[in-house]
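Shared chain: chain A. Partners: chain B in the first complex, chain C in the second.
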Partner chain A sequence: MTSATASLRHTLPHPLSLLALGTACLLALPLVYVCYLALTADPAIWFRLWTTRLPELLSNTAWLAASVAAGTFLLGVSLAWVVVRYDFPGRRMWEWALVLPLAMPTYVLAYVYSHVLGLGGPAEQILQTLAGPGARVMSPHSYAGATLVMILDTFPFVYLLTRAALLNFNVSFDEVARSCGASRLRRLLGVILPLLRPAIVAGLSLVILYVVSDFGAVSLLRYQTLTYAVYQQLTGRYDTGAASVLSILLVLFALLFLAAERWFRERSRFYQTSGRYRSLERRPCGTLGTTLITLYLSLVLGAAFLMPAWLLVRWSSSALLQGAVDARFFGFVWNSVLLSGLAATAAVLIGLPLAYLACRRPSRLHLLCLHTAYAGYVLPGPVAALALLVLFSQLAPWWYGTALVLVLAYVVHFLPAGLQSLEPALQQVNPNLEEAARSLGESPLRVLRRITLPLIKNGFLAAWVLMFLQSMKELPATLLLRPVGFDTLAVRVWLEASEEYYQLAAPSALLIVLLTLPALWLLVAKDWRAA
Partner chain B sequence: MNQFHFHSRSAWRGLPLLLAVLAVVATATAAEPDRLVVYSGRAERLIKPVLDTFQANTGVQVDLLSSGTTELVNRLQTEGERTQADVFLTNDAGSLERARELRLLQPLTLPDVERAIPATYRAADNSWIGLSGRLWVVVYNKNLAKPSDVTSLLDLADPKWKDKIAIPNAGSEYLQAGVSVLKAAYGDDRVRQFLQGLKANASTQVYGKSSQIVEAVAKGQAVLGIVNHYYIYRHLATQPDAPIAPLVTDQQAGGMGAILNVAGIGVTAHARHLEPAKRLVAFLASEAGQKQFADLNKEYPLRSDVAADPALPERKKLRTAAVPLAKLSELREPAMTLIEQAGLR
Partner chain C sequence: MAPTKQDKTVRVKDAQGAAPSQRPTVLELRGVSCVYGKDRPAITDISLAAQEGEILCLLGPSGCGKTTTLRAIAGFESVSAGEISLGGRLVSSPGFRVPAEERRVGMVFQEYALFPHLQVAENVAFGLQHLSRDAQQAQVRHMLELVGLPDLARRYPHELSGGQQQRVALARALAQQPVILLLDEPFSNLDPDMAGKMRQDLHDLLRHTKTTTILVTHDHDEAFAMADRIAVLNDGRLEQMDTPEAIYHTPSTPFVADFVGQADFLPGTIEDGRVTTEIGEFPVHTAYRGGRNVVVMVRPDDVHIAPLVNATAYIQARLFHGSENLYTISLPSGRTVHSSEPSTTVYPVGTPVELQVIATHTVLFDRSRNHLPSS
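This part shows the complex of A and B:
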């Protein structure tokens, strides 16, 4: 690098910086705008909501989050414990299989369960043959139903992180406690769980964010949470005031929670002692142990994945016989693929410069730009849709009602997921390689093309696939923003399922699950360490 | 690798191109003449067959966007003159009148239609035309209740029905229209009492779709439900043994009369395909269109020369509430406030 270009570089902002700044502003705009809308809303709306809906919505949301967190904690930690601490036939298969429920979008699981647990459904029929007519199972359309579905859908988050932590666990701590005469229970509560705490907390916070921003399950199970209420206010009223007030509360809820999680993580840092590291030993299981463990694992996986998947296959085949898989269906497939493909491509292109600058030139500005791109994290689907809806109608009305708005909603919403894949990929590239190429006289653009991009190809692809699939599964923003003739698979599942046409919804749902499986593999295999 | 090079080379120049392509994808088809974009607030399966017939008869390609009624009014308003919609078709006169007041619909001069559909079922300037009538009735489970248990809608607030009633959610235009009529008939205080009782009795049985309410009553999960009459017949068509029947309320001497609403259609103020849009209106108001609309949905055709399904309660013998349909629009906002104050979901 000559000194002339170097000094020029210092005086002028890098064009890439300007680009990054521009995109960051664009990405932050929806969040800022929602806040603006809520703060300028008529105070009467705040008052009205506070005296009518808010207490119920806040407590419903908090209770659902709390009970799902408790349930996923029990399931996730116990399952991780079983597969790491015990040796039994089929262990390796179970270790993988327990991740599968992540391939079921919440609305798919919710609609399967509203059939299974519904009145006259299979669960009730089984119960009535056992306990006589008149026996009733719990209604799926309730707090308990929503809790069950969300637990079954999200426990793998806790399972995955706890499992990883258990594999890294240094058994010396446990042995010290044992040599001091601590009982098994005391060691579990006093040594092991506290050491696993950071992993568990990280898993639970993923779960809670997921629950708080979920629309699919709560709308099909008719459980009133803040996110669902935003959607209802948006579709049921002539003004967006109430929806924006609820939205900002939801955003605050998410932010507060993220802050609390970070604070908690800072406080509980544990370090492995160097040197005498030994991992936990696996205990072999006898016949009884193996039977019990296999029973437990089958029950969980059966409820969360196998049984729903089997029902979807059965319904799909009868829908196929009814001729429901026609040209129209393939039109929906095409819409899904087109929209998600555009969104993933746009998001990778937008995310790359942000991640690149933050990684290679970590100035305050560049880091700020990167962090801004994470704003989508605290914008649940209906909120992102609300922001873009109003933004576009006021600032760029000629785009309103086109596919562009929907694609942008996907980008804002799912870029954080993509960045999490792009960032580490970039960090792994040694800057020396790029500098060596520059010193051999290559232009920056050629270095990018010939060195950096080929090296980050895998992270790049992973980010693309992740965002593609997230967009394909997306429901609330698609419902609100889809242009004429742009129904997607997710929208069809929801529309058919909310009219209780279980069979007609099945082919779309099954296709979503099948397409999600490779992405799940990609996501998990990245950090997978064989136990 | 090659593919990858392609990506990187065109990466930054590609973005505007991408957006341009998208814009073309989204707007390209707008100029074709034989196309009609319909925004519909009706359940898709209730409207698609009729539109398919129209498409088959005329060769006009109909593109359908099914969504919530209020959501579509909002959407039409936001889109303004750029809207793609040529026709707005929905299931609530209040929403149609609201769209007219917002100047989202255009007045029509269609003598045939005016002759066929009585003036009470049309907007004053024919901005919207009613197509079918629906009664807001009580559906009851024949094993769990008798018809004599309920004479007026207000009876549903009686504490004896605790946990036995299924109702639509607060966003339902039927509920909003129903409450509007009740408000006009009884005044705010009575309606407030009624809604509070309703809320207590329904507890968690608040549904997004009328078909779900009928299903809940048929299964005995609820004893009574409030729905539009045709949902009951649609359910009976697939499950003839379901123990449900309609109960038309408020027929007693001096009573309010049953609540009647209409589904209707309007041509948007900025329709790009005006001719096919008018043809659709004319088709739906014609004998053949009304027949299909009525038979398919078990609604009351609004043309007097087309007979309703014989299974329905005879229209002439029913008394309906004396609140003009166009008034439903101005009553909407206060009705929504009442609903929200009662804490209904």
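This part shows the complex of A and C:
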């Protein structure tokens, strides 16, 4: 293999490496620039933020993250346990359905709940008929409201990872504990839960990463977190110094939990048996058990997906009757499709050489380029926007305010997600296949066209679709960077919802949810193991 | 007719110092059947017993029911018929099952199942919750010394080699001083060199601790090396239970004959107390009670060859195994037999040879009642 790699080294065009290096630098630039801005910011800004906003923002963000983590832990683990350990009618359908909440962008769920729980909303009406006219439900525009929405939106991360770990659980661990005389409770607390720990913690890290970088829900529910504050500094005060200081704190938060997620995922390798093993047995449920379980699952899925989806459909139909779905609406659809399509295509074209070089010629330089491309992961939307905003206004002001900046923001932000499906696709292509083609007299370029590309076509497509749909529902960077008057679906949802025009926001929101479903399927099906 | 089946059993008894029958019975299965799902039998009517300190091996191909038998003994499977007693106590019968956690069996799984989140010492101490902390530590230390890993107490399982993991699993199973030790294919995850060494060590350890052991394997060499007695299972039924020597030399069914080593089966006819076959005449064992048409089992180590110019048989192939040469001999009828010759005895393929069969005991199967393994 080494000799073949060596021969490739002479024949592959050297400029490819340079190109990779160039794109990597471009991708890393926003992160580097934000750090630079923050570190060179006037100490007075640090001091002012520290004495005014920062304590509140930090504690708000931390509390939200902590309570959402606690809630998703309870929901995610209990749901995974129910669908893996018990057998009841409809189990397979539920196993899939519990992933659906991921199709709801946080701003859509937040806007639905700010109506449902809002003043004079359905929840309040129901409560008042039950408990008298003085009764009030909790306000959605609060810590509790933000927590509820974020829990309902993110519990599938914990559910998915815990479910996978439970399915991979080797029953021998349980049996050997039994032969050591351990009771059921001791086996649960001493063996099963500890063995699920890496998966659960990895899921929780994803949840926290998501919560910390979320903009949609907290902005609509007006709950002050770091991400929201970055946006406010940029739009309200146009204070890039303060925004960059807040941003670097966000980046640190994100890095911390991303590292935690990686570390625990890696660790969970030790916790799984390779090769042949038997899984845990399912316990069949009686009528009472089935009823209780179905009630619980319906409640969770109803709150997180079915009820919001039903409201969106109802609102959309009345908006349709009012004539809200007009040429202007289709203009927004076109804007969304155009931007996302450009971003996804650009990202795939940029990502492919990076992934290819890192996979086939894993030199230190190529690996570094690939890792740099993952920098977007720790850049929450507003932060990426901030970096590009300042960069372009200083270096290339004539491009500032064009769609190009926005497309670039999408690429930086979502390339990591695309690389995650490009990389494995390439790794699965056995290099021997390419070498066999070479030995049959094909040139490297023709091998790429005739062997490699056809084999990675699916991963390539999946990456494109994922990045397209992620860009489609992106909100904060779009809000900050869009050309004047150039609204997308996501922006429309947010703008209408901010003004509490629930029905007008519905068609765009519904379309986004429907379009997100295939992306969800792509994401989940990759690691899905039927039980 | 030198050593008969009877003689061999006596010899094994002598080697152990006391006859198994004089020691108390630890495990007894009486007509045990288990079913998977509805009416799909996993094992049918298995009866066997193990005496204290005995190493009993369940041998058979995959899917023969040996692991099911082991799991029924451990308490992980229910029995649909029959009874299991452990240490004189009834533990399983149809509709009744003492749970595994109350049986005090030590079990070592094929993949060891060491708890990955616990250190070696914590793994070994897992079944010792009823003891004081000091007693636990002392027992853990003692067990780790016994398996030869006194220095690895603070390691995590993924930091150990396969052989070390197996020793820890063994220490964990033995720490609670189980009534019986159950081993499920303990060597299948080790490379062959390692497995050979572990086999010897384990045998010594079990003898030293006088642990009653049931070992499940599909490898007859492993069974021969480890077991006092072997129970051969096929298709959920017990085919034969005997000493390793008896299993090899006097198998009771063609399946056993074929499963525990290379065997050729030649048709023959009984006349006047002798059986005539293509390769010669053999005495008929007085215990044989079948029809006239039989097959004779011949093992390669019973057949010797010598080149002879006018011979009707010839060498079809030679396989060099290092310590022996295995010849395939083609007979005039077109059938083949195998012959094991010393490593240095090399004849070219095609050489006409004369056969000398040195059978100390003739193994016959009634042709009308036995389905022969195809070979």
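Criterion: the second predicted complex is superposed on the first by the 495 of 531 C-alpha atoms of A that agree within 3 Å, B and C clash if a C-alpha of one lies under 4 Å from a C-alpha of the other, contacts with A are read in each partner's own complex, and residues count from 1 in each chain.
We take it that a residue touches a chain if its C-beta (ideal position, glycine included) is under 8 Å from a C-beta of that chain, and two chains touch if they have at least 3 such contacts.
Keep in mind that what you see is a predicted model, and the values were worked out from it rather than measured.
Applying the stated contact rule after C-alpha superposition, one finds that A:195 touches chain C and leaves chain B untouched. By the touch criterion defined above, A:485 lies against chain B but remains apart from chain C after alignment on the C-alpha atoms of chain A.
By the touch criterion defined above, A:17 reaches neither chain B nor chain C. Ranking chain B and chain C by residues of chain A touched puts B first.
With both structures placed on the common chain, the touch criterion links A:179 to chain C but leaves chain B unconnected. By the touch criterion defined above, A:427 lies against neither chain B nor chain C after alignment on the C-alpha atoms of chain A.
In the superposition on chain A, A:48 makes contact with chain B only, while chain C stays out of contact range. Across the complex, chain B meets chain A through its residues 1, 4-5, 7-9, 11-12, 14-15, 18-19, 22-23, 25-27, 37, 39, 43-45, 63-68, 70-71, 73-75, 78-80, 82-85, 98, 169-171, 204, 206-209, 211-212, 215-216, 219-221, 333, 336-337, 340-341, 343, 345.
Contact residues of chain C toward chain A in the complex are 74-76, 99-107, 109-111, 113, 115-117, 126-127, 129-130, 156-158, 172-173, 176, 178, 182. On the side of chain A, the complex with chain C involves touching residues 170, 172-173, 175-183, 186, 191, 194-195, 197, 270-271, 273, 275-277. Residue ranges of chain A in contact with chain B, taken from their complex: 48, 52-53, 56, 119-120, 139, 141-142, 219, 222, 224, 232, 234-238, 338, 342, 345-346, 349-350, 352, 389, 393, 397-404, 407, 448-449, 453-454, 457, 479-480, 482-485, 495, 498-500.
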